[in-house]
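Two complexes are shown next, each including chain A; its partner changes from chain B in the first to chain C in the second.
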Partner chain A sequence: MSSPAGHGNFSPQSLKALSDIVGPAFCRSQPIDLELYSYDSSPFIHYPSVVVIPGQVEEMAEVVSLCRRHGWPLTCRGAGTSLSGGAVAHRGGVLMSTTRMNRLLEIDLLEETALVESGLVNLDLQKALAPFGYMFPPDPASQKASTLGGNIAENAGGIKGVKYGITKHHVLGLELILDDGSLVKTGALKKGFEFIAPDLTGIFLASEGTLALVARALLKITPLPKSYKTLSVVFDSLLKSGQAVSAIIAQGIIPTALEIMDRRLIAALEDYLRLGFPVGAEAMLLIELDGLGPELDPQLAKIKDICFRSGAVSLEEAETAEDREKLWLARRSGNGALGRIKPSTIVQDVTVPIVHLSKMLSLVQEVADRHQIIIVQMAHAGDGNLHPHLLFDPSDGQEYLRCLKASAEIFAAALKVGGTITGEHGIGLEKVTFMTDEFTKVELDFMAAIKSGLDPTGIFNPDKVLPQKWQAYRKAKGS
Partner chain B sequence: MVVKPKSHGQLKIVYLEAKSAGKSILPCGLGHNLNLSTDHDRFVAISSRGLNQIESIEPDNLLAEVGAGLTLSELEKALAPTGLYWPITGPYERTLGGLMGQGLLGAETMAKGTMVDWILGTTMMNPAGEIVKSGGRTLKNVSGYDLTRLAWRARGSLVMNLSFILKLLPKPKICPVMEFSIKSLKLAASHMETIIKEGFGVQNLRLIGDDKGLRICLWLTGFVEYVSAQEEKLKSLLKDPSDLFEDGFEYFNHVDAIFNLPNEKIKIFAGSRKNLLETVRNLSWIGDHHFVVDLGSGRLALISSPKSSEDLAFESGLVLISGQVFQTSGPLFRRLKTAIDPKGLFATL
Partner chain C sequence: MAGYEEISRCNRCGFCQSVCPTYLHSQDEVQVARARIYLTKLLIEGKYDFTKDSQVAKKVDQCLLCGACTAACPASVKTDEIMVAARNDFASNRGLKLFQKLVYRGLLPSKDRLEKVVALLNLYEKSGARRLLYGQTLRRALDRLVYYDSFLPDKLSQPARAGLASVIRAQGQAKLKIVYFLGCASNVFWAQTVRRSLAYLAARGVEIHLPPSTCCGEPHRSSGDLEETRRLGLKNAPLIFQANYDFIVTDCSTCAKALSRYDQFVGADSKEGQRLRAFLPKVLDLNTFVVEKLGSISANLKPSSFSRVTYHDPCHALRGLGIREAPRAILKAIPNLEFIELEGAEVCCGGAGSYGFNHPEMGGRLAESKRLRIAQSGADLVSTSCPACALQLGAGLKRAGQSIAMVHPVELLAESAQLGVFKP
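Up next is the complex of A and B:
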């Protein structure tokens, strides 16, 4: 879980070279600084040798260039909300925080785009867009803190994914810093020329900062819906709630959100927020529709019918905007509320074809029973994305090991039904050894060729995404 | 030479033969973008047309798995009984693989994004002749690099698509196109700007100038109640429509031919909405030549237009994209190409 601090300290000359680029105040190497940047939202702890916080794209580029020249590992970090260890400096070296690169450069209502720097926080963009009647649809649970650069690097999803898709569906172009410090533009940032050249934006989405750094992004923005309908539906079994979700999708209804919460989560949230949730219910389904008022009522009626036919015990419609906000506040507070049960959590995010959702929910429960651990289940059920929360006490090493074994079984079960080991959290360090379960040698070789072509010395976020055998870092000098 | 293998096995044989003969491979669909008159000895064009199988249509999963050689019209026919559709409207008789390499935007781009946004997974052949899969049958998947998007607008220079897993949607209940006659280009530009900024949620928005006059075309899709509400709002802005077409798919497919199969009489320009509308405001049009502005995809088609109109487009910041050589000289593409195809086995035209 942890690695020794002082992963190769940088010489005074090296620190000065970095300090000359970003300024002394933003080049930090004191133990307390390294401690602060040694972790993200995963259980992994790895210490950088130095932290730099550039304020301009040119500074980012110069740091990259310097790292390449010296073979220093470089991990780029937004807000550090990665749940898979994507934002920790596994091999030490330079950790670049983008938190000063947080400018919203332009909102263009005619083009329906926003030009942003990579360190802008997702929610800050939403707040800036709302007065104009627009939103940026990807809304990860971490949106209060997570940066758009991080969202792009991980291809973040969120609650609204069922209807609006995920980050990659809303990125029109990128300004990237390659390993030699050069800046290149992709997609619509090429302003018309993108039609007569390959669009390479896609390969950088979900690449977890291992191929290049995102400096700026041109994002597609979407008009805010005119109205909402939100339902909370109680079931006496988790299985039935999953069956209701599959039935809704099979009927061709595409809600904005379809979220499942299990018995333990309902109880934890009620204990935490006192919202009047039905403690004792086995499962609750949160369903939201959005659009123009007239189109919502017929869909809502169909959904209610499906829920009751699937065994819903009770159903409640949010009457006011406040009621609706409360429900979503509860859903977004899930991770925090679980701290009342156990101090630490491993959050998985296997994703399966929607027809296998119920089966997968049951399988996860069986895994929990078999390993005698607590797994709390919540899911972006509408897109088959499960978030089993495996709870453990860090002082109990055996329990942690059981959680790791349980995670491996959950991955295997998802792959068996045609799913994937990660729907939106990324591979990071956590799942890197499982890549050989999901991909063939040929496929990993192909990915490694891309990695070594764009980052031949392996400076960018080493040890992430590709298993060790496929990493290019053996060529790097290290720090 | 153009060959059409019908299986992965045949494909492999063709690949090995071409390689041993020292020829490059040019992945293609039906070859609409190929000019085989030049350099034809240099490469073997491998058409995906033979790989036109429908592996599965899964209504409960809202997806279909099909060969890259399937055409849009074949896909539409296969999906019709299910009530589902793939929300990409374009040239019906082109293959999915070919359209992927070309980078088809689709007539619904304004609301639905591009073709690649509706592909969940793909099987492809890499320049080493190996089969590589990416993505899969789930709506979300961030496992490994997103190789699915490598083929997008790459004209077969990086990978050859063999099959796709497509994300489907319920076919909209109604999908009308409303045409509104407009008196002047300046007024048209102003209305189009308003329609976008007011968030009408149209699938596409076009301005057409031809023998029938000048008119704004709006495509609405969805539930009856939704479309009716939008129609009322539009009428209050633009008065009663001059024409109404029930089937937007058919309507846009017809007009799309202009953009997807340009000839020497048609000049296609691309650029931002701002630049397109600036061009519209400054055009002098008296009906003697035709044009189409597609705000969804950011393109302008000038048909048999005078040089002055083309000059105006350039002055407004638009880029001429028809008849242009596909640009593969950028540093990023070069590095990626060298990495995955060091011997240049896949042709770059």
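Up next is the complex of A and C:
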């Protein structure tokens, strides 16, 4: 059993330098504290040497600059809900938590923007916007806990992605901390003040904290819809539910959400929430439309028709706002609820062109059968984003290995049909070795060039995203 | 230690961060349910030893046992039960802590001793020592003492049990016969609440039996002293779980939650545990009993002298027993009194038995947060159904130099029905 390295190579002077910046209460180096910052929501466990929890942008910047000067690895995290190992300190060093950087600085209704600190929790922003009739559309299932900085770092999607897009479509500008501790702005932090210059904001979306740290962000906010229609549709096979999704999209209807859940997930969620889900049904499709109101009924009629023609067994419309909320609570609880079946999960988020959705769902099931593991399937089906959950018991090493093999086959299958290995959970540690399958050498060289330009000594979240061969620290050390 | 299976259902999704009060008030991941569960897992696996590492025990002690995480957990992991098991392990391996020995074992099981301490506290108040404490010179040096003192009500009265007969006859024909389980904190700190509630019940045709019961055992259970929990359970059970009572009623949410699972207190598989299981559905908290068993509550009520009331949900009532509507129904029934929902009514106040007292920093922060919410509500009266919550809320207000009336819903109902003072 491995243990926290304790102070590792951190001398008392180094610890004092860090604690002088953030304050002693927010600088941790006791083994037990390091233990409790060694994990995220993925199976990866790695111990930081020291944890800092800064409360101001200036403190964040000072810590970064100190890390650069000493060559300490620096992993920045929000709520620690990464599903790909993005938030663990793979090389030890400094782990920075942004949970205290949780201020909502400004809501501008005229410009429809919100200026936030990176540690603000997604749902807390939603709650603050709702009374004004606004929302921030990206709504990852983890929105109760996950921070906006984390959402940006992973380019999180969410249930509403089909209609509203994902995080990158709603970020107008960033204030970043570069590796020497200096602060720069990309895009605009005040709407209408965009620079006439290349907007570099995009490269930091899904950069997983490997290029710079996000201190503040200006987000585009969107008026809440006036009206919703929500359907739960039961199918006797996963395949048919996938076909229904492809058919709906092919008809040119863009629902807000199209979510597939399989038999095991339905049962686990029913066990948790007792909503009267059809335990035993093979698949359920949750569909939501939103808009002004009158236009929804004809769309709804069309969708119902498509569902029945695709072989729906039954169909139910949520009557009240409360019923609707419960359905979405159920969907968002999917990941955690699977703890009822087995203690650990590898969640994949391969994304494929929508025409291949059904085929991909079947392929995943075949992979599960072949490796004799349980794969629970859910999917943000409307944008082709699958979420196969590979379940395992950590005490069964063989089962874990079978899950890893199965994951590799799922990646290969997705790439084969023109998809990607990750739609929103990030590469992290988990998918690093598969980057060469998805990207050419030239593309990886291009990413590495950006990485070494911004972080030449490789302090930011080392070993994530780019395979070893392309990591900046290798170059810095002349290897 | 029990509960490994419970622990392994946690897959660290992090949803507990959205509700865990100690996390929300520290923004520190070591103070959240998933960390506590992970830590316990490491303890069971033998990686850490709490007898050698005081940091481990401290982290397990920091849990409020409020149950908010379990309610929000997609895998329904019972962190509170896991923490109790861990604390029991500490207690049996390392021995009881001083507070457990002095207060939980020494005071609570003995009504006599508890009441003597209250008499001493009375002396402290009347002698002027208390005023001295609040004097400027000593104040700075004695911050901690002032913190402790803030938990004491302004005026201590005689314990509720003093002068009460063991049976209180119903006015008119007795419709129901109940055991009124008098908790330790209600007895000494909520005497007026108890007297008013009893007056109300008697007037509504309830025959009330007050057996010489002792502490319910919940403070001992939550601090991991399962041995004493069982001893107290076995002492109380024969007194209260008897076939000739229609219901077992208590004004304290903590006692109500404890009694409703008393089979586990005395040992679920034991003979006594099996005997009393049939009686458990008869345990009702006072609000539920009044709303569900006494018929209409709204007849003959006079307008309240207060204008706005708000309500704080005790963890043991809301998540422990699923009680939400009954206390609100009572408060809404009082004429001329506007009920205002307290923002965050469901969040633990930090009282959590003796938590507020023993953890001044976190307890103080949680109390202050409640105080601000109460101020926001604009209420001139606060209601709750747990004496420990009332002490904690009162302490928070007092430290901010404020005071606001605090009542049990049924106490208010009694006042409104003009049954305010109970004469035995």
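Please note the rule applied: the second predicted complex is superposed on the first by the 461 of 479 C-alpha atoms of A that agree within 3 Å, B and C clash if a C-alpha of one lies under 4 Å from a C-alpha of the other, contacts with A are read in each partner's own complex, and residues count from 1 in each chain.
The working rule: contacts are C-beta pairs under 8 Å (C-beta built on N, C-alpha and C of every residue); 3 or more make two chains touch, one makes a residue touch a chain.
Please read these numbers as outputs of a predicted model, since none were measured by experiment.
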### Task
Could you tell me whether chain B and chain C fit or clash when both sit on chain A in the superposition?
fit
### Task
Could you say whether A:Asp199 touches chain B, chain C, both of them, or neither, answering first, second, both or neither?
first
### Query
A:Gly397 contacts which: chain B (first), chain C (second), both, neither?
neither
### Summary
Rounded to the nearest 10, the angle in degrees at the CA centre of chain A toward chain B and chain C equals 130
## Note on the structure
Max touched-residue count on chain A (chain B vs chain C) belongs to chain B
### Task
Check the residue A:Gly280 against both partner chains and state whether it touches chain B (first), chain C (second), both, or neither.
neither
### Task
Applying the touch criterion given at the start, work out whether A:Tyr39 contacts chain B, chain C, both or neither, answering first, second, both or neither.
second
### Message
Which partner chains sit in contact with A:Lys144 here, chain B, chain C, both or neither? Use first/second/both/neither.
### Response
second
### Query
So, A:Gly339: does it touch chain B (first), chain C (second), both, or neither?
second
### Task
Return first, second, both or neither, reflecting whether A:Pro24 touches chain B, chain C, both chains, or no partner chain.
neither
### Query
Closest Cα approach between chain B and chain C after superposing, in Å?
21
### Common interface positions of chain A, toward chain B and toward chain C
none
### Message
Help me check something: in the complex, which residues belonging to chain A touch chain C?
### Response
1, 3, 26, 28, 30, 32-33, 35-37, 39-41, 53, 79-81, 97, 99-100, 102, 119, 121, 123, 142, 144-146, 272, 333-340, 343-345
#### Entry: chain A residues touching chain B - in the complex, by the definition given at the top
108-112, 133-134, 154-155, 157, 161-162, 165-166, 168-169, 176, 178, 182, 184, 186, 191-203, 205-207, 211, 220, 223-224, 246, 249-250, 252-254, 291-295, 297-299, 351-355, 380, 383-385, 418-427, 431, 435, 438-440, 442-444, 446-447, 449-454, 465-466
### Message
So in the complex, the part of chain B that touches chain A is made up of which residues?
### Response
58-63, 83-84, 103, 113, 116-117, 126, 130-134, 136-150, 152-155, 157-158, 169-170, 193, 196-197, 199, 201, 222-223, 225-226, 228-230, 269-275, 277, 298-299, 317-319, 321, 324-328, 330-333, 335-336, 338-340
### Summary
Within the complex, chain A is touched by chain C residues 8-15, 17-18, 27-30, 35, 38-39, 42, 45, 47-48, 53, 55-56, 59, 72-77
